[in-house]
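Please find one structure pasted underneath; my questions will follow.
Chain lettering (A, B and C) follows the sequence in which the chains are written, and residue indices restart at 1 in each chain.
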Amino acid sequence: MITLKQLAEKIGGKLHGDPDCEITGVASLNKAVSGDLCFLADSRYKKYLSQTSASAVILPASLLEDCPVHAIVVDVPDVAYVNAIKAIYPEEKFPGGIHPSAVVGNNCDIHQTAWIGPNAVIEDNVTIGAGCFIGAGTSIGKNSSIGQDGHIAANVSISYGTVIGERALIHSGVVIGADGFGFANNKGQWLRIPQLGGVRIGDDVEVGANSTIDRGAIEDTVIGHGVKLDNLIQIAHNVQIGDHTAIAACTGVAGSVKIGKRCTIAGQVGIAGHLELGDDVHITGKSLITKSILKSGVYSSGPAPAEPQNIWRRNIVRYRQLDEMANRLAELEKQLNKDK
Amino acid sequence: MITLKQLAEKIGGKLHGDPDCEITGVASLNKAVSGDLCFLADSRYKKYLSQTSASAVILPASLLEDCPVHAIVVDVPDVAYVNAIKAIYPEEKFPGGIHPSAVVGNNCDIHQTAWIGPNAVIEDNVTIGAGCFIGAGTSIGKNSSIGQDGHIAANVSISYGTVIGERALIHSGVVIGADGFGFANNKGQWLRIPQLGGVRIGDDVEVGANSTIDRGAIEDTVIGHGVKLDNLIQIAHNVQIGDHTAIAACTGVAGSVKIGKRCTIAGQVGIAGHLELGDDVHITGKSLITKSILKSGVYSSGPAPAEPQNIWRRNIVRYRQLDEMANRLAELEKQLNKDK
Amino acid sequence: MITLKQLAEKIGGKLHGDPDCEITGVASLNKAVSGDLCFLADSRYKKYLSQTSASAVILPASLLEDCPVHAIVVDVPDVAYVNAIKAIYPEEKFPGGIHPSAVVGNNCDIHQTAWIGPNAVIEDNVTIGAGCFIGAGTSIGKNSSIGQDGHIAANVSISYGTVIGERALIHSGVVIGADGFGFANNKGQWLRIPQLGGVRIGDDVEVGANSTIDRGAIEDTVIGHGVKLDNLIQIAHNVQIGDHTAIAACTGVAGSVKIGKRCTIAGQVGIAGHLELGDDVHITGKSLITKSILKSGVYSSGPAPAEPQNIWRRNIVRYRQLDEMANRLAELEKQLNKDK
């Protein structure tokens, strides 16, 4: 429970309304009840504002006059909203310690404020920083280190020699440091190339559930600071991802790709091996990237949006005749010019 | 071992042949041996019927005259086949109890007929219904509940506050309730938006291996009754899936998508955020959905089927000239009409 | 530490340079320092050769004259490089035994040289061959067997009745033997078809992190010898994959597909159910396969490479007018021929 006055101070906003109004939770505009705080950043959702039963709304000055309840005016509503949540729902504390069912190897440096969960397995020579949370059943290979305040959820697999920075958030089922997919063709049979590199992950990185980040072949796979990866993403060996780049679910990044800073890559994108994306490159969903893109901007490939199947079929047939159509078009042009 | 007479009664079919014939297993038509039961639903596979060595076949009346062996005639052969399997191979019973290596928190309500497997971790305040099976190494977060007769396989990760209905079948590696992928952009850096919602899953739901279902941002992510999800599927935060919808492997559903009832969505489909699919919408494989589809029917996008690479390359080149081709075509039409 | 003379003998190459030169590691050409060995297979990277600080380079005879340092000349540099790595970095030995926290069922046959890691769970009647390594938290279902020298990483889930050959390398998070996705439609509700088959995996198979291989419906799902699967791949029930086929990350193979020998399938490919690919078929990235391909060769579908979004949008619009454009083109041709 917190008053609007306290909240406005915490998030650096200007209060319009009752400073003593008590806030007990957050909700979306159309589901809020008394005691709830909402936020509105986008004028497209203004219609929900007039009917809200929330006690107060965080919004930009431009939407203030449409607000029927108390308001806190801020410049960036979604950032203010995050800070408000943190004020309303303080993070749960957990005690430091090692659950008796956890297995911890030799020569580990586990900070006394870190928590090692039940049935977690920490191999030899691992460093776990202050305030870390290691979830149930998670396995951390030897010679790895997790920086302070890292949260590693349940059933994560981190292979040997992995280095993870501070404030990491690694969700369940993530696999970091499995061997890269590298083979020599030996008379028709695949001969595994030992993967000697590791994985280095910067500060403030999030990795979504069941994503995979392979270890490098010779040098390391490197994830920069502030990188955010969604679920079920594949990061192959020796990929480098620049600071503050975000990648949505189900995207696959092939080996040795170098991605710049502040890029956004949507879901189900595929990036072929050894390419480079520059800084501030943005890729839309389901695109296929087969050439480097150095200039910042928004890029797309991927299919046309879905249509009724009979229409789609007709266009697919025509698509496969495209080269022939182009030749017929050129022939017509020739003929017409000749006729003149 | 069961006789054909007993079997025909159990599955509600009409027996043509020896009632005392003993059935010991099931097989496909072309691999069956004496003692095997087969089923045939589709006349396309009739050719295998004449040569089968099975003892008996479940089939519709229309295929009876082609059957060289005993037959049980039913209206819906595949449903009858499922019931026959259950009669021939009774499900293995498991004893209730908690394996000594499992870790169970405080204040849990675990039914005495439920089984908690080795090295499973059940946090505080969890309810596990009658007849549930919790596999080895599975982790269930606090304040969650699993309805009766749920089967949670090995190494599943269920986060706090998850509610799962009755008769769930959750395969290995599934992650339910990881944080949704939501960030505010704070001067070029991504600021995590706390994900306060949960995941609610109805009755008779199946979730395939290594699929992920994220928790909601404010409200819950909701999976309806009878929903079937294949492997490696991503369900983002605040998705709602209607009853009896089935989704094939590797499909990604972005945040806040609402999918209707009885939809079928094929593999590797991508559905962009905040869209709505109506009831009985069917999407073919690898489609990209970027607009809501409210009317029932079959929809497609996605690439043309594969061709030899040189042909594909030629059409791709033409594709990238399409806008220019369209303009040249319009120019020709103008010219020709003018000439007249 | 090894001398160049020893190394050249081990890998069967011809030494050009100082036989007593000591090699202590491997590196890439542009990052190597004194003591490092490199390899160069591709003349495209020749530019790095002239400036390398490596002590020696493995290369083909054709590149020898450009090499400024010691060289070992071989026919197939990448195969020689793998053998060199094995000579320079001998594999770590692990002791046989069962970690006290592991749970092993009844009637298991675990070779004394095998290692069962912490919190692993081995159910009844499992066979683990000589020299196997079973990682932390891995679960192996009853009646399964792992051939000798298998390496199963942490948190792998192998379901009952799975048979894996010799020298397997199964990475973390892999799920083998989960139920196939098979349902009968019973008056609008999905009725699970019991999946009675298993999974059989040949020798020298690698399965990448978080990939899934489902058990068969009646017969087994079968993975041939020497097959290499990358991360996050879905192999559905009753798929058959021929010997020495390699599949890249995020590809999905639907039920009952039969893939030949020595195929290569790139990333994010989708193969629809019940199709057949012949031997030596090669599929490029993101392709959709909806018809069988029996003739060897390289096949593609999938989108055009990414373009700036405004250009892509224009072509997408035209794409959806393709059928109409084709009709207009035919009309023009008719008109022009009539005019003559």
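In the analysis below, a contact is a pair of C-beta atoms (placed from the backbone, for glycine too) under 8 Å apart; a residue touches a chain by one contact, two chains touch by 3 or more.
Bear in mind that the values here come from a model prediction, so they are computed numbers and not experimental data.
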| item | value |
| --- | --- |
| Homomeric contact chain A-chain C: same or different residue positions, threshold half | different |
| Chain B onto chain C, rotation angle from CA fit, given as a multiple of 5 degrees | 120 |
| Inter-centroid spacing, chain C versus chain A (mean Cα positions, whole Å) | 25 |
| Residues of chain C touching at least two other chains | 101, 119, 137, 155, 173, 210, 232, 250, 268, 286, 302-305, 307, 319, 322, 325, 329, 332, 336 |
| Interface residues, chain C side, partner chain A - complex | 26-28, 31, 76, 78-79, 81-82, 85-86, 89, 99, 101, 117-119, 135-137, 153-155, 169, 171-173, 204, 206, 208-210, 226, 228, 230-232, 244, 246, 248-250, 262, 267-268, 285-286, 302-309, 312-313, 316, 319-320, 322-323, 325-326, 329, 332-333, 336 |
| Interfacial residue positions of chain A with respect to chain C in the complex | 101, 103, 119, 121, 137, 139, 141, 155-157, 159, 173, 175, 178-179, 181, 183-186, 188-194, 196, 210, 212, 214, 218-219, 232, 234, 236, 250, 252, 254, 268, 270, 272, 283-284, 286-291, 293, 297-305, 307, 311, 314-315, 317-319, 321-322, 325, 328-329, 332, 335-336 |
